[in-house]
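What follows is a pair of complexes built around chain A, which joins chain B in one and chain C in the other.
Presenting the complex of A and B:
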C-alpha cells in the first residue's frame, strides 16, 4: 500500500511466470505508481512484494531490496535511452554494470539487437531512431540482464498512430518469448485486449476487476470498463427472469437468475421509437435524449430515464424520427440481447 | 498581406537614453584602459619579471582552486539538487553567502579559521607545525572560498534540469550509485559543469580582497595579477598597472568568447 498525499494505492496482486498482465485504468488510478513500487523507485508504506520466490519488500520486517538489486526491468513511456551512448552501449549497460568486459558485453548486446531486428543500428545515437526502434532498444536493454519481472509503462503512447499497430504486434511477439511475468500499464483498451493474457483494472487505487480480456469484454463490472468495451451496464437484484435495477425499473433477461447481478447490453441492441412500440421486446422504457454525437457511421444517443443508457442508431433513423437533445423516446431491447452475470 | 517584421529597429527614447548611459558606464572604463595603454612598451612590460611571475602564480592558483572546487563542489551540488536530507535549505543559503559577502570579510573569516590562532589553524600548527596564512596554499583557499559558489550554483542548476529518471532506469539495470554518477549523471550535466568551472576559474583569477587579507602580498608566493596591479598603482607605476589590467580583460574576454562558442555548438 502506498499513500501519497490524498491518494492511497491499495493493491493485492499475484502473477504467474509467462503471464502478460495489463493494468488498465483511467488517469490517476495509480497504475504508474504501482509500477514504481514494483521497480523499487518508490517504497511501499505497508505491504509485501515478492517476485519469483524472492522477497523484495516487506514493511513488516523493514525489508527493502534496492532497485539496483531487484532484477526488475522497467521500460518507461519515453524509453529514456541514455542520449550520449550509442545503441550498443545502451543495451550493454546492464551487463557492464555487472562487471562484464566491454567486448563480451557488446557482443551480447549485438546478438540481442539482431533478435530485435535492429541489425545495422548498433552505432546510432538514440536521437537517430524512430519511436518503434527506440522501444525495441529499451526492451533489449531491460531483457539482456534477464529480469525476474518486466514492467512496461505506456509502451506505445509515445508512438504516432500510424506506426502503433506494427510496433504493438512486434511487442506482443517479444513478450511471448519472455519467460518471466510482464506487467504493462495502459489506458488504451485495444492495447490491453491485444497484449494481455490477463487484464487488471485499477480505479482510484483499487483493483476493481481482474480477468482475461474476453471476460472483461463480456462481463464488465464497473462503469469505466463498460464504457471501454462499449456496453451499457446496470446493477440490480434478480428473481426469475426479471432484474430490478432501480425503483420502478426492471430489465427482463433470457435466463433465470437470482440475487445481486449485473446486466449488460450493447448500445446497438437498443431500438428507438417515438411512439410506444408494440413488438415482441419485453424491455421497453421511456426516456429523454440528452446528447447526440457521431459514433463511427452510427449516431450515439445518450438517454436519461428510468434506465439510463447509450443507444446507437442510424443517421436515417435520427432524421426520420427528428431526434435531438430533449426528444422524448421509447427505448426497447430484446431480452436475448441482455447479458446477465452475478455481481 | 502584412508581414510582421522580424526586427524592429526603433527603440523608444525613454529606453534608449538610459540604456546608452548604462552601456557607457560598462564600456568607458575599458575603453579608457585601452586608450591609455602604453602600446609601444607593452611587450616589454608584459615579459617583465614581476608580471610573468604574477601571471604564472595566478594561472597556477586559479587552476588549483578550480580543481578543488570541482572536487568538493560537484558532489555538494548533487546533494543540494538530488538528496532530501533535512536542513538543505539552510545549507543552500550558506553556500551562496560568499557570493554576496565582501571578499575582505571572507579573508578575515579564513584567518579566524586557518590562522595560527584559528580554530583549525592552531590545531594544524600544534600537530604538524603547518601554518597556512601568507602561503600559496592560502591563496588557493581564498580563491576557492570566493569562487566555488559559482560552480555549485551552476552545477546544481544543471542537475535540477537533468531528468533524474535516467538515474532510476540505470539503477534498475543494476548499476551502482558511483557508476550511475559517472556514466549517466555526469555526461548529462557536463556542459553545466564546464560552464561552472570556467566561471569559477575566472572568478578565482580575479580574486583580490580575500587573498590580500588571508595570504598577503609576497612576490612569487601570494602576489597574483590583481595584487600586482594594486601594488603597481601604489608605487606610481601606472604603465604596469594598465598592462596588467589589459591582460586580465583579455583573459576574461577570451573565456567569454570560448564559452559562447561552446554553447553555440551545443545547441
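Presenting the complex of A and C:
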C-alpha cells in the first residue's frame, strides 16, 4: 500500500511466470505508481513484494531491496535511452554495471540486437532511431540482464498512430518469448486486449476487475470498463427474470437469476421510437435525449431517464424521428440482447 | 498606411545597422591599432609603423620575465578552472536537487563574488595571505580566482542540471548501476557541454584578472596582466602590443575552437534516421 497525500494505492496481486498482465485504468488510477513501487523507485508504506520467490519489500520486516539490485526491468513511455551512448553501449549498460568486461558485454548486446531485428543499428545514437526502434533497444536493454519481472509503462504511447500496430505486434512477439511475468500499463483498450493474457483494472488506487481480456469485454464490472468495451452497464437486484436496477426501473432478462447482478447490453441493441412501442420487447423505458454525436456510421444518443444509457441508431432513424437534444423518446431492448452476471 | 510602415521599418533597420556597426568598430578600433604597432621596428608606439619587424615578439619570447609570467597566468587559470568547475558543479547539483533549509541563503552566498567590489576582496585576501605567508603562491592566487569563477560555474551548471532529465538516472539504477556509476556514466556525460563552458569561463575570468593578482602575487609571482601593468608604469614599448596581440590570438583560437567543436558535433549527428521504419 502506498499513500501519497490524499491518494492511496492499495493493491493485492499475484502473477504466474509467463503471464502478461495489462494494468488498465483512467488517469490517476495509480497504474504508474504501482510500477514504480514494483521497480523499487518508490517504497511502499505497508506491504510485501516478492518476485520469483525473492522478497523485495516487506515493510513488516523493514526490508527493501534497492532498485539497483532488484533485477526488475522497467521500460517507460519515452524509453529513456542514454543519449550520449550508441545503441550497443545502451544495451550493454546493465551488463557493464554488473562488472562484465566491455568486449564480452558488447558481444552479448549485439546478439540481443540481432534477436530484436536491429542488425546494422549498433553504432547509431538514440536520436537517430525511429520510435519503434528505440522501443526495441529499450526492451533489449532491460531483457539482457535477465530480469525477474518486466514492467512496461505505456510502451506504445510515444509512437505515431501509423507505426503503432506493427510495433504492437512485435512487442507481443517479444513478450511471448520472455519467460518471466510482464506488467504493462496502458489506457488503450485495444492494446490491452491484444497484449494481455490477463487484464487488471485499477481505479482510484484499487483493483476493480481482474480477468482475461474476453471476460473483461463480455462482463465489465465498472462504468469505466463498460465504456472502454462499449457496453451499457447497470447494477441491480434480480429475482426470476427481472432485475430491479433503480426505483421504478426494471430490466427483463432471458434467464432466471437472483441476488446482486450486473446487467449489460450494447448501445446498438437499443431501439428508439417517439411513441410507446407495442412490439415484443419487454424492456421499454421513457427517457430524454441529452446528447447526439457521430459514432462511426451510426449516431450515438445519450439518453437520460429511469434507465440512463447510450443508444446507437442509424442517421436515417434520427432524421425520420426528428431527434435532437431534448427529444422525449422511448428506448426498448430485447431481453435476449441483455447479458446478466453476478456482481 | 502599409507603405509608410514598410518605409519606416526599413529606415529603423538601417539605423540599427549603423548603430551595430558603430559599436563593433568602437570595440575593434583599439585592436586595429595594437596589432600593427606590435610589428613596429622602432622603440616607440608609432602608428602607422614606419617599418615592419618581429623584434618585439623576439623580445617577448627571449626575456625570461615575460614568458615566466605568461606560464604563471596559464597555470593559475587552469588551477582556478580546475577548482571552480567541480566545486560549482556539485553546488549546482545540491542547489537544484536538494531540499534543505537555508538553500536560498547558500545560493546568494555563492553569488557574492559578483557583487563584492574586487578591491575590498583584494585587501582582505592580502591580509589573510600575508598572515599565512602565501603571498606569491600560485595556489593562493588560483584559489582566489576560483572564488571569482564560482558564480559563473554555479549559474551555468544550475541551468544544465535543471534541463537534465533525472529519469535517465532512474533508468540506469533500475538496470543495476550504482549511484556512483550512474553519476559518472550518465549524469556527467550529459552535463559535458555545460562543464566545458563553465571551465572556459572560469579560466578566462582568472586569466585576465588583475586587481586581486596585483595584491596577492607579490614580487616574484607576477601574472601576465600584472607584469603588463607594472611594465607600463616604467616604460612604454611595443612589446606590450606584441603581448596583447598574442593574447588576442590565443583567446580567439580558444573561442573558435569551441565553435568548431560545436559545428563538428552538429555535423556528426546530421545523418539522421536514414533507414527509418
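Convention: the second predicted complex is superposed on the first by the 343 of 343 C-alpha atoms of A that agree within 3 Å, B and C clash if a C-alpha of one lies under 4 Å from a C-alpha of the other, contacts with A are read in each partner's own complex, and residues count from 1 in each chain.
One rule holds in what follows: a residue touches a chain if its C-beta (ideal position, glycine included) is under 8 Å from a C-beta of that chain, and two chains touch if they have at least 3 such contacts.
Since the model is a prediction, treat every value here as computed from it, not as a measurement.
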| item | value |
| --- | --- |
| Combined model on chain A: chain C and chain B, fit or clash | clash |
| If touched residues of chain A are counted for chain B and for chain C, the larger one | C |
| Contacts of A:127 with chain B and chain C, given as first, second, both or neither | second |
| Chain B versus chain C as contact partner of A:93, first or second or both or neither | both |
| Contacts of A:163 with chain B and chain C, given as first, second, both or neither | second |
| First, second, both or neither for A:187, with chain B first and chain C second | neither |
| Touched partner set for A:69, first chain B, second chain C, both or neither | both |
| Segment of chain B that clashes with chain C, given the candidates 25-33, 97-105 or 115-123 | 97-105 |
| Overlapping contact positions on chain A, where the chain C interface meets the chain B interface | 39-41, 67-74, 76, 80, 82-84, 93-94, 97-98, 141-142, 145 |
| Chain B residues within the chain A interface of the complex | 163, 165-166, 168-176, 179, 183-184, 187-188 |
| Residues of chain A that touch chain B when the two form their complex | 39-41, 66-74, 76, 80, 82-84, 93-94, 97-98, 141-142, 145 |
| Residues on chain C engaged by chain A in the complex (per definition of touch) | 165, 167-168, 170-179, 181, 185-186, 189-190, 192, 269, 271-273, 275-277 |
| Chain A residues touching chain C - in the complex, by the definition given at the top | 39-41, 67-74, 76, 80, 82-84, 93-94, 97-98, 120, 125, 127-130, 132-133, 141-142, 145, 163 |
